[in-house]
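Each structure below appears as structure tokens.
Same chain, two partners: subunit A is paired with subunit B first, then with subunit C.
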Partner chain A sequence: MSLLCIESAAEYCGRELTWGNLMRQWTRREDERLLTGGGRYVADMAVPGCLDAVFVRSEVAHGVLREVDCAAAREVAGVAGAWSAADVPDLPDTPYTLMARLATEEAVAGREWPVLVKDRVRYPGEAVAVVVGEDRYRAEDGAAEVVVRIDPLPAVVTPSAAAEDSVRLFDDLSNIAFEGETGEPIEDAVWRDAAAVVEARYRQQLLMPTPMECRTILALPEGDRLTVWSGHQAPHRLRAELAAVLGWPVDRVRVIVPDTGGAFGSKSAIFPEYVAVAYLALKLRRPVRWIEDRMESMLTATRGRGQDQRVRLAADADGHLLAYELAIDADVGAYPHLAGAMPLQTARMATGVYRTPRVHATVRSVLTNTMVTYPYRGAGRPEATIALERTMDALARRLRLDPAELRRRNFVAPESFPYRTPTGRVYDSGDYAAALELALETLDYAGWRTEQSRRRHDPAALPLGIGLSCYVERSGGEAGVLHEYGSVEAHEDGTIVARCGSASSGQGHETTFPAFVARELGVDQRRVRLVEGDTDEVPDGVGSFASRSAQVAGAALRQACGMLIEEARVRAAELWELPVAEVVWSDGTVSPRTGGTAAMDLGELVKATGPLQAENRYESGMGFPFGTHAAVAEVDPELGTVHVLRLVAVDDCGVVLNPMLVKGQAFGSAVQGLGQALYEGIPFDDDGLPRLAHGLLDYLVPTAAEIPPITLKETYTPTPNTPLGAKGAGESGCIGTPAAIVNAVADALRLTDADVLQMPLTPDVVWRAANLREAG
Partner chain B sequence: MKLAAFDYAAPRTVPEAVAVLADGGRDVRVLAGGQSLLLEMRLHRLSPDLVVDINGVGGLDRLDVNDGTAEVGALVRHDVFDSPRAVPGPLGTLLALAAPNIAHPPIRARGTMVGSLAWAHPASEWCAIAMALDAVIRLRGPEGVREVPVRDWFLGPFTTARRPGELLLSVRLPLLDAHTGVGFLEHRRTHFSFAQVGVAVALAVRDGVVEEARIGLANCADRPVRAYAAERELNGTEVGHSFVRAGRVAAEQDAAPLAEPYADVEYRRQVIAVLVARTLRQAAEGAPQ
Partner chain C sequence: MKITLTVNDEAYPLDVEPRRVLADVLREDCGLTGTHLGCEHGVCGACTVLVDGKAVRSCLMLAVQCDAKAVRTVEGLAGPDGEPHPLQRAFSAEYALQCGFCTPGFLMIAAGALDADPDQIAGLVESNICRCTGYEPIRRAITHATRGDD
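Up next is the complex of A and B:
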């Protein structure tokens, strides 16, 4: 076990980390480059002769395509070509996700996703033509000349409405593209006989992942190969999917991921635009790139969340949970190709942290006239946590129980692990009560309750509420993507190259993994160089998503280090004609146990015995990180504004490789959780068009000025499912924070009807809720 | 998105600028700070044939104080007013209360007060203040110089009384006398976003009585609004007495709010009423007792 990292994790346990402290301690290998303009993103690649692709996009949400005429565009100076679907009959369709059952063959059957619209527009911004030019300016000038005629059809933008099938996206098929369930249906008697049953409806609004860098791809044909640069989370997956689209063996495609400006889930797939760029590069025998801009991204990048939920929760008079039912109508957007089955994740995690004996969750994945939904930081787990935790607070109010006490009475106990949930998960380990108690203590829960009751007797004081949210999530991935590639190679000059199948989109792998490998081998970390994000350099890989890199790739590298050490001992034993047991490994050197011959460094050993590499494919179990987030919020009932006064996040992600990076992830994800709770949402007009004319002025993400005081703490429960004991970190805030904030607002307003507070809690929503309180 | 092609002129004097602007028949736009123009051009909502960049025109960056007024030239940037001492007296205080609400520092370093008046965004802070204080806009066109009182300036959203070929030279604001307390408050969803409602108040107070109230409203109609009805409720009344009522009058009579996402008409009226009352209190607290 790598003692160093555990010591440093323990050192950080219990230390209060404020933003200021975090900044002072925050040093990553890549930051000097990234923060001083030295980053090299796809848009920075200077490839001679490269053409810029621009897509002509539908300005209606749903409609019949009558005409696309690119003739005038082709006459524009600097335009190298312009095509509609009719112009390129051999342009392949967008493939569906083969990975991890995110999409299913049944769901996509009969539903083709063309790269360019052939006859029917199904989401606003869907591409109807593509123009390439010497640069983006000229390509846009060309795109402006493309004539498009679309006869609009009625649009549906919520899953509940679309499920009625009164407007169909595919004429002969229902909008319901996928159905699934977890657990067993619950008999009526259970609800009838329960002392308390609360019911509620929640809207998990559609969100935009909003990475700083939008999507990027550059394709360069060379000989019989295609080299592709893309800001991407899963280069090997992109290679496989591009090769399949082109009908090529995978080794003819090389995918390179340079610096990537964030992803949050939105960059792990293949998209229509990527197919078009690869196709055109080969057709024109020229490099072609597509650099998505912000306005384009806001229309056509994947969205997250998007669920209409109905819940029922039953308890006995003492507050012991009896049954929980969650019915989900999930928005999967216009095509089920990327993640039609992803909402099942919510159903699987519906049980949460409680030992509820009966849990039943159903999913209908419904097509709507919006861009496709896809994993966004949290990916199905926030929706499960928010539904359950909001309902727990509603139940506590019903039973007149303290919400912390209600939770204590129902946690899965630490001795119950591994715990098989009614919804089909096997939780590895946990101490849910410990996380709750640490959160309460850190927040000064009792102190805030006192302040709350003082304010309730002071008519001039603003109402104040406290919200709790206890979560358990799943990290590592689903069956089929729980493995990762890792190798370490020692060179004659003493350097060590670590290769890993993951790909950083900003998480700091360059800092984490070399330091980790150096610790495992006992060498200076400056000797270790990380190679990832290049399919020619790394033979195999899965990628960076599902909070899996430390958990899975870390374990793969750790095992590879162990294999390298063993091989080094075997070689030294041969060299010295000793039994292997007589060779000792220490701090990057081999030496004979009994002395005599001098110790030999790895580099010298390679010189003496030839190339030395250990390759490993590690298969992980799932990890189930957990924690409790707690918020204190004050409400101005006249204006409906919410001031989050305190936010405490207690997370348990097991063994931590780099505490500072984990803290950074926890902080960032908590801010995104705050975004879902209070700010982010896509308003639609009556024609189903997003009202986002001013870009990020219309879709508000929290900025530095909105960030409340956040205190991060951790408990420490290593997962027994991996040799490293690390569980996923980095999605916790998106999962745990939203319900804590919404519950705090509901508590401030003492709302009995949970339905009136639907996210985002914009001031108008909160003002209306506050009025209901006064009326009641 | 990228800007479409356009012609560009960079005159060095006001007469030169006016001559270039008189390019009849073409869509000509003046570039000062570029705060709104460049964004609109990037989004292709504006695609002018000719952009006249006045940043090199001498003399337009002057801020002159005399005869009880402050005259702000067309190139005076927003961030000049971050300091309450940029302009003497309560006017300086009011401008400094409002300035931090405009976008954020990099934009405030480029954008201009006169540019805001020319663009006439209904949510503009400066437009609301100009309405409250009866500012006067000075223009020069082919026929010479003319002045337009601001109450005749705003004709609709992004629409003003500017005639084709005219260049805004400056705006003149009255320095407020020492009996005046000022207030400025905005309600918005994040620090980054446009105001859902903004309120500017100048309250002249003598012996505890409101002598003259001036209230300008941002984003409370399709154009900047002067809350005359609310002012009438206040004038001659004891300080603090009619603030809540004035807020309701402003919301019901002076404002004509439009629905937008996250703020329907009912909610906006509520915010206007609350914010006007609060801004009046802020101004009263700053008035000499």
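Up next is the complex of A and C:
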């Protein structure tokens, strides 16, 4: 095990781990302020004279805008202004994402995304006017007076329906905004000659990321600059996008990310509302903020997932996989601007953990009358894993093979890395069988199989099933965003400032990165402080998404530490008139190898030789974390309820910087995966409006009442692609857990037709599947 | 309307519109921003505070309803000497928070039950939403704090 791997909270804290010791300190640097009411989220900032912006939103999913009249709103006491699109002809449009080919120029060509609707409403909640007031109450008073008339049009809310183009979102253009593929088409003979071919259709339902803090932005004009505070994952990206929208050089915009109340992928973009706030702040020369409320976020925050999938999987009689085909109709929402090409990431990961010789995946990104689909924790990898792993269980049933054994026969072997998949990824490292075996042992797989068989002979017992899900994912990001800025600076007083371009939204960077830098330099961690999330303080950066901060920013900081140490040795050598080779670095001090002159601490060296900083732009390779999740579930066929009895998650993310924080994220993401499997979904009415009138009483995220016993285990396979060896962490549960749970339910019901179980597995879905089984 | 809120043992004489909810008045009129708004329709519990010792969703209560009542928020959880409340220490020790946005609500609902009826605590945790931790660390933290472990 690497020296970098910190084994316990006690080691992390540098003290003996007892409850008493832990109770006398804060385990994370963030904790003291966040536990005492001292956190500072954007909505907590008191900026004198700040106006609140409220958006007037469409109550239809699709329609022609006939009239917006803001005159009455402007007469309301405390309202500072109200505008429709016609009132602000110079309001810029919403830009499209340039980063990581999430969107493409071809997909957005001819498709304008106005910040305020000009003539056509394309999703429910799309903003048709904006009102600013002295406070939220006044602004809402004004919004209530805006007169809006929209003639409804038929709406399409599933990609399969929208792909028919019988209802078009843009009159002269197809709803299919982007097409792509990975791998090579598979010839008919392969399917014809295979001993077994399994086909299925899956719906990866739309999900709402639901961070507890909704979106926030506050814009303050000062001189010729604009300072923006936002709960955000990528401050430098927001700076660049705001500057481009305003036609300014980037150095006139400063983005500051204070405490952020969760993000899960949903806070890394620029949104129409952000453009409006920046524009109005400059127009009015006053600070303006928008604090999204939950009900508006349920209509207008980005969604995740949203794919209709068709799969075919072929194997020989021994269960060796021959070919896999995945066809995706992806729901990208009303505008392809933020992530119209993101579903290609599912196609790239279609191969999964198996050495299937032929894999072909196709993508059609289809516009629908819903808010835009965008990365949500897992971002394309859950969709790939769930489709393949559900199909593996269906194949095992067809071949009458144990699903664990079917997987064993097909894993990419540890000696095969780097492994180039038919769908274009180069996996860095892995031991997939080790993760599976650890999961089986931890679960007591054999014991549960025995119990399952006992129940099948006991008419009074509820059926029980065991589900497996073996995953591999991609961390670090796509080409173009695999780099990160990291620097370390030593000060005369002995303190060290680390800077990185990432931005924490709950991952504990303030704790993890200083501790890591302190270990690299061999100094007490109390001497190290992190600066991030401020574009004036950190010159460059990419951000925190795609499980990249430890992998990429961690490696950037490690290299920067190495550079700092080298520079310190060179300076000491000059000072002491020695060859550099004669200067030794140890525990934050330089000293001559042969003794003599006393050792000199880093702070002393800075005093003697001037400011000392090492800056680094590190470019990482991709990481491919992997693991196996396994679930045991009991089903009541009469009530349609699912009771998850056990969940085991074995994850491998290589070198871990802070195991307690990684475990915390693994647990939290497993619970989000449970949410996708069993609870979360957006039902639509025929008019295209989501049935979410009661907010979080309609959209059911898991509560403490729904949490099964979850056991987390790790295997350890560093990535050879970075000097640190860390792969990404934090998204594993969203990727691995859903298929394990769905497979357990399918196993309990002994379903031969996978299509009848579509997530979320509500009592209605499960009852129908169970009764179909009995009818059959 | 003129009211006096007593928040964390300090009197706040205020002139508030009757329609303003308690959470907004605590945050904006009293400057106590530790109480967070997560849903504004009473489901998530991030805005939970104690009013006369009882946990309430401060997004569903009007400030004028609390005239002459005692309100306790997360800012008032530590002891008079600044010593953190056992719940605050336990949450940190168990890694029971990540982004921290829901945390004040969990602390206050647990604090209210700890004073009144510790047996109720496990069930009360189920009434708030956390999207980061998966709840298990929160449950452990509250259990430790309830038992007064050291």
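Details
The definition used in the following text is that the second predicted complex is superposed on the first by the 752 of 776 C-alpha atoms of A that agree within 3 Å, B and C clash if a C-alpha of one lies under 4 Å from a C-alpha of the other, contacts with A are read in each partner's own complex, and residues count from 1 in each chain.
Keep in mind that, in the parts below, a residue touches a chain if its C-beta (ideal position, glycine included) is under 8 Å from a C-beta of that chain, and two chains touch if they have at least 3 such contacts.
From a predicted model like this one, the values you see are computed outputs, not experimental measurements.
Shared-chain residue A:M660: touches subunit C; no touch with subunit B. Looking at the shared chain after the overlay, A:E140 reaches subunit B, while subunit C stays out of its contact range. Judged by the touch definition given at the top, the superposed model places A:L697 against both subunit B and subunit C. Legend: residue contacts after superposition of the two complexes on their common chain; A:I710 is shown touching subunit C, with no touch to subunit B.
In the superposition on chain A, A:M295 makes contact with both subunit B and subunit C. Within the superposed three-chain arrangement, the count of touched residues of subunit A is higher for C, of the candidates subunit B and subunit C. By the touch criterion defined above, A:G37 lies against subunit C but remains apart from subunit B after alignment on the C-alpha atoms of chain A. When both complexes are overlaid on chain A, the residue A:L639 reaches subunit B alone and has no touch with subunit C. In the superposed model, A:L462 lies in contact with neither subunit B nor subunit C. Shared-chain residue A:Y679: touches subunit B; no touch with subunit C.
Put simply, subunit A uses residues 136-137, 293, 295, 696-697, 702-703, 705 to touch subunit B in one complex and subunit C in the other. Interface residues of subunit A facing subunit B in the complex, by the touch rule stated above, are 136-137, 140-141, 144, 293, 295-296, 638-641, 679, 681, 683, 691, 693, 696-698, 700, 702-703, 705-706, 762-765, 767-768. Across the interface of their complex, subunit A is touched by residues 17, 19-20, 24, 27-28, 31-41, 43-44, 46, 73-75, 77-78, 84, 86, 88-93, 95, 97-104, 107, 125-139, 144, 149-150 of subunit C.
Listed in rising order, the residues of subunit A touching subunit C in the complex are 9, 19-20, 22-28, 30-32, 34-41, 43-44, 46, 135-137, 210-213, 259-262, 264, 293-295, 505-508, 660-661, 663-665, 667-668, 670-672, 694-697, 701-705, 707, 710. Of all residues in subunit B, only 1-5, 43-44, 187, 189-194, 196, 261-264, 267, 270-271, 274-275 touch subunit A in the complex they form.
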